[in-house]
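Two complexes, one shared chain (chain A), two partners (chain B, chain C).
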Partner chain A sequence: MDVSQDHAFGVSVKNMSKHFGDFVALDAVDMHIPAGTFHALLGENGAGKSTLVKCMMGFYHKNVGSIHIDGAEQHITGPHDAHELGLGMVYQHFTLVPSMTVLENLVMNHPHIPPVINWDQERHKLEIFLGTVPFKVPLDKRTSELSAGEKQKTEILKQLYLNCRFLILDEPTSVLTPQEADEILGLIRDMANHNQLTVLMITHKFREVLAFADAVTILRRGKNVGTFSVRDLTAEEMGHMMIGAEPIRELGSRKKLTGGDIRLELRDLQINNDSGERAIKAVNLSLRGGEIVGIAGVSGNGQIELVEGLAGQRPIDGGEIFVHGTPYRGTRAEIRNHRVACLPEEPLKNACVASMSVAENLAFRHFDIWPFCQGEKWLKRSEFTRHAAERIKTYGIKTRSPAMRMSELSGGNIQRTVLARELGEPADVLITANPVFGLDFAAVADIHAQIMEARNHGTAVLLVSEDLDELLELSDRVIVISDGAFVHETSRQDADLSVIGQRMAGH
Partner chain B sequence: MDYFTDKLSAALVPILALLVSAVLFGIFVAFAGVSPFETYALIYKGAFGTWFSWQNSLQRAAPLLLTALCTALPAQMGLVIIGGEGALVIGGLASVSTALVLQSFLPPVAVQITMLLAGTIAGAIWIGGIGALRHKRGVNEIISSLLLVYIAIAILNTLVEGIMRDPGQPQKSSTHPVADTVMFGNLPGMDVHWGLLIGVMFCIATFVLMYLTPFGFSARIVGGNPRAARMLGLPVGKLVIIICAVGGGAAGLAGAIEVAAVHGRANSALIAGYGFTGILVAFMARQNPLAIIPVALLFGGIEASGGLVQRRLDLPNAAVEVLKGIIFVVVLAFETFSGRLGFLKRRKP
Partner chain C sequence: MGDTDIGYWVVPLAVFAGAIRVSTPFLLVSLGECLTEKSGRINLGLEGTLMIGAMSAYGVSYLTGSPWLGVGIAAMAGMMMGFLHGIICSLPRVNDTAVGIALMLFGTGLAFYFGKPFIGPQAPALPSIEFGWWSDIGQIKSALSINVLFIFGLVMAFVISWGFKSTRWGMIIRVVGDSEDAARAMGFNPNFVRTVTTAAGGALAGMGGSFLSLFYPGVWHEGLSSGQGIVAVVLVIFARWNPLGCLYASLLFGGAGALGPALQSVGFSGGYHLLNVAPYFLTLVIMILTSSSKQRLSGAPGELSVNR
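Showing the complex of A and B:
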């Protein structure tokens, strides 16, 4: 059983199927990853990428199929078996203990920790190990003080220290700057070249696939569309294979609009985070009608606090917000008078009530005025249903009836419901944060087109996003946020990815 | 159709929980050497078997209707208030105090109305304060509401043994009695006081408030997701405090009715556990004000049957307390099943 070794090995998945009830998440998928190669796994959300790797790691029990390591079939019944065989996985979210040092995190991760730890001996062992790998991290720093890139390196080291020779990476670069991403993927690429490691990377980013991977497997709706050598493919072809024949909404052309009035103004705005530290440090901004201003930054640099402050979910601790030149506190009357709309990230958590119906959720902005309410005293249920039926039709929300609970909708349909509510009527100001996070291709294109349409109709849009591609596609201006301050501003035409990346990293 | 299956599934979980509790309690009495079937037959007889037992059950259900609201309404805002007993005691004290001051110079009807108002307002301030502490200071409402029960009881004891003590009652420390002309009569044709009707009306009124008005709608948004409510510009803190106050007002009113219709004075008889049984009623009714009405009747019946079970089967009086305890634990355990019963589950489109 013990096949752990000091060189890379190949893994094949044969005829793998996984059902959740009636839902087929994986349908007879075959995939072969030769030893010492860098393999990418592409697909839309819900295409089955995570299910596939979780079956390989033993988190899920496959219904049908087998896993072969260097040609020999292996039975993986749980994550423990996978680790014994030398398979390791780095998750999308960090799993380090923030209050512990890198050394402690790495030692703690070991399956057999002695009752009393001899730290000198452990440090010695680790230092010898670190000499054999290209990743460099400061052993005595607390992980909470590390940059995102260093944290990701530590996560990878955790796996390598367990003698992992087949590494699965689940969207490893989503919180990294482009420079950090290139460095880390480059180092992994080198290890694969030296036959020290075989890599399987789940990703959305075509650029990374083209730059680092040898081969790519594309999944669509649980099926393997094909495995291709990266040299034979273009980004466009990959996109087509991911989404199949689904029609994609075109992003409307950017109308030339100049000299809109100032709609949203931030003056020395300061906002604290949950632990009372200043997360937004006296920022200034003016946003005009008919422009999209993008806020770029690595996550955790104050974006959440900024959006929550603007959306009225968090008190502001200094400075002021003006809308249409008057001080704005986010009361219901102000929101209505100034027509402020909001498309937050994770809409189920931020903008919906899961236990209430789709019709009720669609009415949240106007339930207390005519026609939803007669004489401001009694709710008019028939109006809720009529209004919901109309919005469901216009926005293509897939629900069986307006009375269905919000929690029963899929992610894309939840976001569409919030969009229908927030942009169903013209807005003067739109505040939006990662509006397409976790959505599939068609939904992304649709929501981007709606945001562009709102801009073309004169809405002032503040777009906070961790996705640089999204920002550069939509924004008229891009502002970089780093450590709670606006550190760089550029127009769309002059945007330089490498400068933005450096500013994001705080240089 | 969706609405119907929703309601069906919501009602099914407590009913299943009740059946499971019945089996567990049956095992318990079997160990005590009594036939479970005989016990249940007696409980039924003591609760709903005769017109007399019906009236007894209704009488006991009356305060439960109101104390259950004290848990159910804040629960719709996401708060777990378990201190209805405290609001009931304070409401009783407030009503007796106003009656003793006013009854010598106001007509009885006016005294009755001010008694009910005083009890309601005192309860509203008591539980509203818990909501305010929660919202403004982050004080855990479960702990503060429970601890305030003991403070309420301590206030009651201090007053009835001190400045409000009636020297004419040497056996049991009590306040002076409310004048007989001020006491509530019974509903026409039955031996049940007006408090029952007031309780039912209060339940219906809060149902209308929560489900048919924009105010209730905004309160349910806050309860469902405070983050979304803030984004929508709703006054979250104000709504939390008002709904807590309405719930506390209901429990305070229960205390006022207990004084004005049953005891005629304030003493330790007010601490009969109606506030705590109300928690159980609220959870069993899934925090729905209308569902509280039948559930309160059921528990009124269980309480009413206690004496009969004790006399006939030689079980301790605490036996029905054991039954209530078992039901509470099983209902809470079954909460996890709500919306997960396979045969009622619908697929995502």
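Showing the complex of A and C:
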């Protein structure tokens, strides 16, 4: 059933359902994507977007339903069948081999690799192919040295080189600058316009849907809410359809605060990464109480090292950190005295012990002192439970009991638990990185409101994020980090998205 | 032909000959381990594989009179040990380091058990190739009498090095070793690839064992291997997972090991035992100088458990 074609084709999904045990991930979903169109798939986390495309690609076996290509029903039993039919998918996370060059990655992706590879011949074939597509990548660079935009182009090229004519993109722009995202989506849009490609893109960015897509299908709790032409829609309408009737917590108003004392100060701070290269290059920053300073940047420009350095998880290699004007090294005593709170990214990995209970995780900051600890020796379990029950109630953490393991909570509730621990008592400084990554609307609004509330109560907040919308919504000041240096600073009022994007890309 | 006096030239010649002789088992075992580690798995059981190889090669050579058959059986036995490691580690949540240590003890014990009857009798040894035919000097002739397994290892180092760059199999091994996600996305089965490379690595280590019992020292007893299988694993790290690096590292290690006896042969006997420690000391020094607490080893396969 080899259907190698050189033009795009349409794909329809009819009555598709998928159950995982009792849980209905997809409930009788219909979707039609005409040939040569750019189709967006919108929905919250857990709405069934990934399940739907994985059923289409044959990773999951659907319970009910059928897939039609140009009107003819096709049986896709595995990814191999999907590839043969010209369906290809670019995953949310890069699947490039870091130590290999672009050329090697592209050749190795082919299903029929000769036993002995003639690199000159392969290079020649690839150069001819690259002449037919708009994407340009350096063939001899190792993929670990590529920028995020180049990596994403290579991922797309991998699919096009396999003669894929129906391309599924799973949140393709989450690690790109706005400029990189626009460039790549624009090129794909052109290919669709020329009827070379049909595109299905999973996303949560309304801006990209409105700018590039022809039509959008919205999923909610496994059901198709509807397919709409993008021309007839606004971002607000899309948002409403995605979340349904669920109430959303309002972001508290920004209290006008001025002249707070300097809480956190970085002087020529330098931090190395795991490979011993300088990841943070002599940065300076003063953070006052009652302000949120946002650090914008494409991931991998030193943000992880900066947050780990400030949290005391990574040694600093030069310069100094001051909290309340005194040198700060992130020891337990300093954290307690200066009331420094931290909500790092992926909190289950970076700020919790996954196999311990919610109550124990909630007590990490004070478990070794009274009232958790009696006479500095014996832990008082009843106090753990009482304290946890109180926090669970105040912060709306959904857990069956305080004794539940941390790893059994959902992403939003893990985030709420860590916030409850870190902001449960007033904090002087809060350091947070991508605090709402992967959360649904209600949880995002909730956590944003809590960060704003902390700010309004005088906490100095350092917010490191890859999400510009989040930064512009919350921050009083935005600083752009690029290649380990602070390259741009702007107040909230004067922030210009296009300038920030350019600085993020290092221009 | 006569014993021309070549003075102190005897020392470098002896070091050269010793380097080749001592390095052969290191070379074969480290090449095998390199193959396995490139696919993202570490097999610490090669010490046991080495002993099984040595015992089975000696036994077969003694019983059949053919040392070559012994080498072949040693490779087969090594392959079986590697295969065992490979399939156990393919089970979910199995730790390759722990399995390796278990197989090291298992292999050594098995070799002692089956090897008891072969302690004592003399088995036919492997021949060597005389590259010194052009010379009249005895020392040169003996230094250039090079064993066949070394030449095999030499060729294999180049073949594996080329294979990693230019063959489908070599590329697949590197993909699997560097990124399991990428491998799955490309449709390769990491467990299958790793089981094959561990089996192949075991075969090379088994041959390394046959060298010990059939060439140098050329007997079978229970103290035959003094940790060569373990040292070879370290040599792979030292060689930065590069097969040609394994060759150089083995030669350096062998040369350092031959220094003591060579100096003794010209009457320099001070610190003999100290000189015997030279290769280990050298390894330690080089590892310390080339390692860093802040930096990951360059060239390490991304999926290797020691590296994650």
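Just so it is clear, the second predicted complex is superposed on the first by the 507 of 507 C-alpha atoms of A that agree within 3 Å, B and C clash if a C-alpha of one lies under 4 Å from a C-alpha of the other, contacts with A are read in each partner's own complex, and residues count from 1 in each chain.
Basically, a contact is a pair of C-beta atoms (placed from the backbone, for glycine too) under 8 Å apart; a residue touches a chain by one contact, two chains touch by 3 or more.
All of these numbers come straight from a predicted model, not from anything done at the bench.
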- Query: Looking at the combined model built on chain A, do chain B and chain C fit side by side or clash?
  - Reply: fit
- Which partner, once the models are overlaid, touches more of chain A's residues, chain C or chain B? B
- Message: Quick check for you: in the superposed arrangement, does A:Asn350 touch first (chain B), second (chain C), both or neither?
- Response: first
- Scan A:Ala311 for contacts with chain B and chain C and give back first, second, both or neither. first
- Answer with first, second, both or neither: which of chain B and chain C does A:Phe20 touch in the superposed model? neither
- Task: Applying the touch criterion given at the start, work out whether A:Trp378 contacts chain B, chain C, both or neither, answering first, second, both or neither.
- Result: first
- Classify the contacts of A:Leu96 with the two partner chains as first (chain B alone), second (chain C alone), both, or neither. second
- Message: Per the contact definition in the header, classify A:Ser275: touching chain B only (first), chain C only (second), both, or neither.
- Response: second
- Message: Just checking: does A:Asp368 make contact with chain B only, chain C only, both, or neither of them? Give me first, second, both or neither.
- Response: first
- Message: Please give the least Cα distance, whole angstrom, that chain B and chain C reach in the superposed model.
- Response: 6
- Where on chain A do the contacts with chain B and the contacts with chain C coincide? none
- Item | Of chain B, residues touching chain A in the complex | 1-3, 6, 212-214, 217-218, 220-221, 224-225, 227-228, 230-235, 346-349
- Which residues of chain C touch chain A in the complex? 166-169, 171-172, 174-175, 178-179, 181-182, 184-187, 292, 294-296, 298-299, 301-302
- Task: Flag every residue of chain A that touches chain C in the complex, lowest number first.
- Result: 79-80, 91, 93, 95-100, 104-105, 107-109, 111, 113-117, 119, 272, 274-276
- Residue ranges of chain A touching chain B (in the complex, touch as defined): 22, 311-313, 330-336, 342, 344, 349-356, 360, 364-365, 367-368, 372-373, 376-379, 398-401, 403-405, 408-410
